[in-house]
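Down below are the structures I want you to see.
Next come two complexes built around chain A: one with chain B, the other with chain C.
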Partner chain A sequence: MTPEPERLSYWALVRQQFAKNRPAVLGLWCGVGLFGLAIGAPLLALDQPFLWSEGQGVSSPLLAALFNRLLFENGVDIFFNLLLVLTPAYAAALWLLRRGGRLTLRATSLLIGLHLALTAAVIPQTWFGAPNPFHHEAPIVDYRVLEAQRIRAGEPVTAVFPPRRIHYRETDPERSVRPPGPQFLLGTDLEGRDVFVRMLYGTRISLTIGVVAVAIYVWIGIVLGALAGYFGGWVDVAISRLIEVMICIPSFFLILTLVALVQDRSIFHVMVIIGVTSWTGVARLVRAEFLQQRELEYALAARALGLPRWRVIFRHLLPNALGPVLVSATFGVASAIITESSLAFLGLGDLSVPSWGETLNAGRLEMKPWLIFAPGLAIFFVVSVFNLVGEGLRDALDPQMRT
Partner chain B sequence: MRQGGWFQALLAAVLVSNTALLLVLVLQQHNREQRAIRQSAQFRELAEGTDRVRGELRKLNRAIGAGDLSGLAGGDGDQVASTRTWLHPDLPNFLAKNDFDEIPPDAENTNGTLTLFFSRSDPKGFNGMVENAADLSELESYVSDSIAGRMSFTDPDRWHGILAERVEVTDEGQTYTIYLKRGVKWHKPSGVDLSDPRYAWLDRDHEVTAHDFAFFFQMLKDPQVQNGFAKSYYQDLESWEVVDDHTLVVRWSKKVYLALSSTLGIGPLPEFLYAHDEEGNRFPDETLGLNFNQHWYNSKGIVGCGPYRFASYSPGERIVLERFEDYHGELPAIQRIVWEIVGDQNVQFLKLRSGHHDFGYLQPSEYRDLVQPYLDDPSKPLPDDNPFVGEAMGSARKLTPGYFYLGWNADKPTFADKRVRQAMTHAFDRARMVEHIFAGLGQVTESPYVPGSPYNAPELEPWPYDLDRARALLAEAGWTDSNGDGLVDREGQPFEFTLLIYASSKEMDSLANIFKEDLLKVGVRMKIDKAEWSLMQKRMEEREFDAFTGGWATSWDVDLFQIWHSTQADLPKGSNMVGFRNAEADEIIEKLRVTFDLSERHELARRFHRIVHDEQPYTFFYVRERYYTWWDKVRRVVFPKTRPLVRASSWWVQSEV
Partner chain C sequence: MRAYVLKRLLLMIPTFFGISLVVFLVLNLAPGHPGGNQQASDLAADVRSADTQESHRIFREQFGLDRPVLFNTRIWLTQEEVEQALREIAGRDGASPGDRVRAQQRIEDWGAYAVPHLVAAMQAGQDDEIRDLAVYGLRLAARRPLIDPFEPRPSPERRAENQARRAENNRLRGYRYDLDAPEAEKQRVAGEWIAWYAQVADRFRHDPAEKVRIFFLETRFARYWANLARFDFGVSLVTREPVMATLIDKLRYSLSLSITSLLLGYLISLPIGIYSAVDKDSLVDRTTTIGLFMLYSLPSFFVGTLLLFWFSEGSSIEAFRWFPIGGWRSADADQLTSIAQVRDVAWHLVLPVLCMTYGSFAALSRYMRSGLLGVIRSDYVRTARAKGLPESRVILTHAVRNGLLPVITLLAGLLPAILGGSVIVEVIFDVPGMGRWLIESIYQRDYNVIMAIQLLSTLLVLFGILLSDLGYALVDPRIRYR
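== the complex of A and B ==
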């Protein structure tokens, strides 16, 4: 039995509409696949074995290595590694918390919040001065060498490695700038690092950059836009002028300036800088929506009920103004990825992360096709995926496009 | 439909007439081209004829008397002596005759243009007295002349006269009496419109006199003038005296080895320009130094008296030098030198490959891809699109006098221990980096001297890449992994530091990345901080760093004072940024400054080398080798033994065919 169209909720309608857009659905699945790759990268390429056994006893060095801060020094990797380990738990939780066979938004946001809190707890070296008990550092053992030694010595050894036994940071001047081949699928860069593995882990960087930067600016934009649109008057005048001042400055130059000012910059600085400079579009969208919504009867009713202002703004008006923001955020992910790549391309990125832009920059200087095409196509692919999803969402949200 | 037919007929008519017109045009154009080709052939013949005459004239000139016209005679310049009186007539002339033809004697063309790469960015200013930049001093070597020059191509320890015809050295090298040539002219300033009445005061000829040297010394010593880098070399300068317009006496308070090159190497400063404001009014004496720092002409160009005049400057594009036809010496064969400012490395390469630049050098990656494979395997067929191998271009590999290093801040507790610094050197895979990252274009170095120079202690070898040794040294210094976290620690503090690198080249990033991974293997965590040049300089001056990558250019005379003497460690903006303080080294450095005997100097320098080798205040990295290459039309490319290595005034350029 198919439900009658008029009984569908707004979001169910949007979902149905979206499902009709084949490219958008494909894009969505590709996006999910990319997240899967980002999470599972260590299962595909790492210099630590899943299973290690010499004589008696079996250990899993890979599992411990996932949280070794000498191997994975940046927070993005820790975030994804934690996600990799906790994925079964999260899946179970979602299944338990499902309602009517569907995942609920609340359960999902709860888990996302939980994971962010966990990551934030694991990453810092100290907690308010005291050493962080979750901060794990351990000597790095090269099990590949160890395995070879054992075999040479004729001792029994069992090791199950990921398909690519190499870490994305592993350098070796002797294999500098090798073309693609069976040993290095996409060749090596100037430091002799495996480009394929760097691309793989670079997915994590790009997706994080996109999502975090957009999350930052969507929040700023929503709050400022909602305030301006709801209150009007001098609040609106002040915020609108602020927006106008911000859009006068070419945003990439603003970003360049801010990035140059930050000493000792990490990838998180780059995310924050992209976030705090790109909120104007969202703010204007939300402001326009609020100007319209606040005059409608339901808003009047909410006010007449004597609800506090924040509740009227964020619980009643905001959900109705969110559609255009979602579309703009999806496109924003793509543009944030490009911005980060441009910064890395200009040599202003974080040297410790395997950013695609950084490899592209190396390719430009070395004039090597594999160093240019691999990251170039990766950026193109991710950006296309997000744009496809964004377009699908835009069409699904547009009542006039509904079929 | 009738209308349609009429329209088609019109179209056809227009088409036919257009075709006819086109034909006529083509024919006309053809005729014109024919005429132009004929004319250009005639012109070429004419030009070749002129060139031949010019070449003959030059040969004649040389034949008449090499010394008299160019002033290069000295040791045997008795004819000259008759016209002037010497203060110490019994002394021999210190200057010798240049035994190398710096001007090509057999140039077949004397009006060629040479185009080459200058720099990635515009110079901050053109006043060499207040700006210290390698590219600027290269430019100055064409535009400005000095009292005398080293015989750079043959024996750089000997000097030949340029602006001076005779120099008398008295008081054991403390007093220099310099007799300047007469009739040497300053260039007219460029960059201003001399026909404008406002600049009329500049539009006349000025002669170079001893007063211009006095003005140089005055500015050098003026405390208002911001030239700390230069002042350190003239600490012991006592006085200068203008005897007459063409005679100058320079006195040093101590007998120092550097006095010779510091005296003979100076060039005059045009007082008629720098002592005046834009309207031609003289600055008051009290603020002359301040005004000199900010002089209105600093951003416009250089006024010199050398073989080339600074003809024009287009910011971000090029600097053009033109031969100064009123030059006092022999005229070089190349008429115009175009120095291009190219911001991008790839554009620089393309300009060289396409022949837009006549001379240039290849980056390590370009050398590795385009040249090395054909050297490794001579039987490999030469491709058509690669001019860098084969007959079309000449080439030479030259070590550039200077070295790169990692400096350790000895004032930080981490690097105060020499064993730690030695461990760092052992963990730095220098040999393989030079071979693979820099494509073999360089030599690993272990000393502050030129490789192969007699100043090096012959028995010392670079510390090898040896991680086990590095671990052992760290352990000796108290750095062990006591808590099993993979990082060595001492008193509860893990070994972490930040390497400051200049955001210049991909190669520097690479070596920092590789070093970082190697250090992690010995339990040291290194962070990389990439900084812009101005920020980096600021942090070095304020000593706010753990370690940094740097480079020094070395000059022919070994003087270790600026970089290694302990007094320079506490000086603001001093060059001893790593805080190297060693009493024995100080003693050697001071002694070296007053030692003239070469073998004694070598022995002192070797002693210093042994100290530096053991102390490792720097991890010396490598001496860069440049793969210079030039299109065949550039002829007689010769390289001197001293900086700058590129001296186009000794080359000539074939005329375009």
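== the complex of A and C ==
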């Protein structure tokens, strides 16, 4: 018997319940591991050494390469590279916050916001017309060749490379569609790119797609659902009609059409398009919760206090409606990842990023097992992880299942 | 019941209208040009030959692309806007070659609405270049479109009217001068335009009622809906064949696939779901739950590729080369007897149906299981047991009926998913159905086809939702529809 279990808060109770679900906890750890892989990808595979020394003086070309726009040009990579560099700082901040007992949702969101702001500051070429000091473009030196030259010449050289010395974009027509072997763990694709390394960096794309697309549609859904549920009347009628209309359109058709019509599409277009077409589920959930919650006494009390409407909606009612949204968002990440891979599979993705679906499409055309199984199982694994966690959350939130 | 169905069918009309509006706006406001990339490069070209210009104009007119998308605000066109466009054609105000082509396009699209302003600009007289351009613009804008030029059997009045318009257009085409013509010649041509305008000025004046009509109805959307009301989806911008005929042809393939897989999904999943709910936490239940979870997480394009890789004629394992790699029927199917033809099609169907079914099958079994689990603990099931009914009757007649509710609701959500999934299955297995056609049309920017496919699939979904609501009433006697 746990003493005084009724003192646990709602979310503590949910956490306790979740911890009892072993598959879900395993899924959660796998998810954390995936994020770790996404962040640490350059430490496992890059054509630049961690440490480079020719006699005297030591440099770290890898560290500089992380922000070299000629090696990593898209926002997703920069986000994760920046995260890789700042991980110690963030870990320290989280540890301090936790010791001070201030590790709240707000503090965590502030950290995430800070990181997004930093990424946004690092990416552009110019800052309001002036050149951006963080925008870094340096000619790429092939240290692998350099090392070989130095050794041949008998000069002293020390180089510590990541385990795979190759960039995910490095092509070579000479080694097109090679089977797996010691040099290429999972073989190569049509352009001779290392499939293992593309899988590794593909984690970044998949996770980002899932999280960003879902973040977009959760926001849209929460705002629209809250408005409809709280105000009722014609607002509700209008929003409900809109939801009804959106539900009836097979969303994959709509996404396909939108994605194909965008010119020069990037992976961010895909995220936004998935986001703006998939919000109906969340909106319905939030609306239903609000219809219920707004009649409860605490909501009446909040209104009677004369609090502004947005405060009643977002600070009082919303936290109590978030449970089902969280569950649906977790499943949503899985389906957003599938949607993006399907688009890439159909050749409608962003060709500049290492998407798993694109490799699988090559596998379908070439009928080579390593091109089919590597990306297929990777997608399967990520999707299972999010589905497992989602099921765990759903069961943990369900009062009927509580033991 | 009949009244309820009728009411629902009527309610479908506004929903359908809303959907068509959403899809229409998405398609028409998206950047890019319809009818493939050919037109796009035409537009980008600085100079277009008279011939391509003319065929481009006919193309735009035929498909209503010269009209505004949703609201026609051209009745309030101002002198300033028209003169701005003329200046852009002249390449002033730093207009790029692309801007010049677009400005020309704009004047052409404005058509009659720009004519009074062009005449005014021509007469203003302080700027010779603007005058020259106004004359040029008048030639673009003043030509009157023919009424239904592609109608095979026009009425005599219609034919006479079109004849008159054609004659007028031909006459107006002559009101031109070269830029290096003497000033007197230019004056004469301008005079001819003014004389013409004085004659027909009434045509360009609209009374308020007419303005309202133009505002709402002289638009692409109104035109599309006018055709839609006659079940006319227009013709393909690429093949110039009616969309409806091709669509019905393609729908055959897609519907056979999706209906077979849907039925199969329900047939297999219900017993499995019931079994694992009844025998909860047994070994069988736990293995099926894990198995279904894995199936549920497998993306269909991976499964499809795997099926091809293992079980098609191209399989790497010789013993498993059972099924064709794709298509709908064998190349020599015509020589087969009719029974053999059916067998042939069925043979081609196995892999795609399998690929389409497993997802809905997994979802359905899981829903059936959890639905039944919720019911099995309820009081009325306990009562049925207490009455001494055999367990099989308790479950199959009492519990399952209520447990079916979530599964029936799922039909409404499953249908869009299956239709959307048909794109992938049809592409992988080379089935000439609707999904693959959609992809091809999207690549070619064939708007009429994209619209038609989206609208038709939406209609199917609407009926699916109605069906699931009716199924509800069938299963649950407490639900009465009025």
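Note that in this section the second predicted complex is superposed on the first by the 392 of 403 C-alpha atoms of A that agree within 3 Å, B and C clash if a C-alpha of one lies under 4 Å from a C-alpha of the other, contacts with A are read in each partner's own complex, and residues count from 1 in each chain.
Operating definition for what follows: a residue touches a chain if its C-beta (ideal position, glycine included) is under 8 Å from a C-beta of that chain, and two chains touch if they have at least 3 such contacts.
Quantities reported herein were computed from a predicted structural model and do not represent experimental measurements.
Within the superposed three-chain model, A:Arg98 lies out of touch with both chain B and chain C [touch as defined at top]. With both structures placed on the common chain, the touch criterion links A:Ser341 to chain C but leaves chain B unconnected. Touch criterion not met for A:Lys20: it reaches neither chain B nor chain C. Counting the residues of chain A touched by each of chain B and chain C gives the higher count for C. Residue contacts after overlaying the shared chain place A:Leu256 against chain C, while chain B stays out of touching range. Contacts of A:Arg364 after superposition on the shared chain: both chain B and chain C are touched.
In the superposed model, A:Ser352 lies in contact with chain B only, and not with chain C.
Touch criterion met: A:Arg169 reaches chain B, while chain C stays clear of it.
Of the two partner chains, chain B is the only one that A:Pro139 touches; chain C does not reach it. Touching of chain A by both chain B and chain C, each in its own complex, is seen for residues 260, 263, 364, 367.
Those residues of chain A that touch chain C in the complex are listed here as 241-242, 244-254, 256-258, 260-263, 334, 338, 341-342, 345-346, 357, 360, 363-364, 367, 369, 372, 375-376, 379-380, 383-384, 387-388, 391. Chain contact summary for the complex, chain A toward chain B: residues 68, 70, 137-140, 169-171, 173-174, 176-177, 190-193, 260, 263-264, 347, 351-352, 361-362, 364-367.
Remark: chain B residues 345-346, 365-366, 368-369, 429, 432-433, 435-437, 481, 484-487, 498, 503, 506-507, 509-510, 512-514, 517-518, 520-521, 523, 525, 527-532, 535 touch chain A in the complex. The touching residues of chain C, counted against chain A in their complex, run 14-15, 18-19, 22-23, 26-27, 30-32, 293-294, 296-302, 304-306, 308-309, 314, 316, 416-417, 419-421, 423-424, 427-428, 438-439, 442-443, 445, 450, 453-454, 457-458, 461-462, 465.
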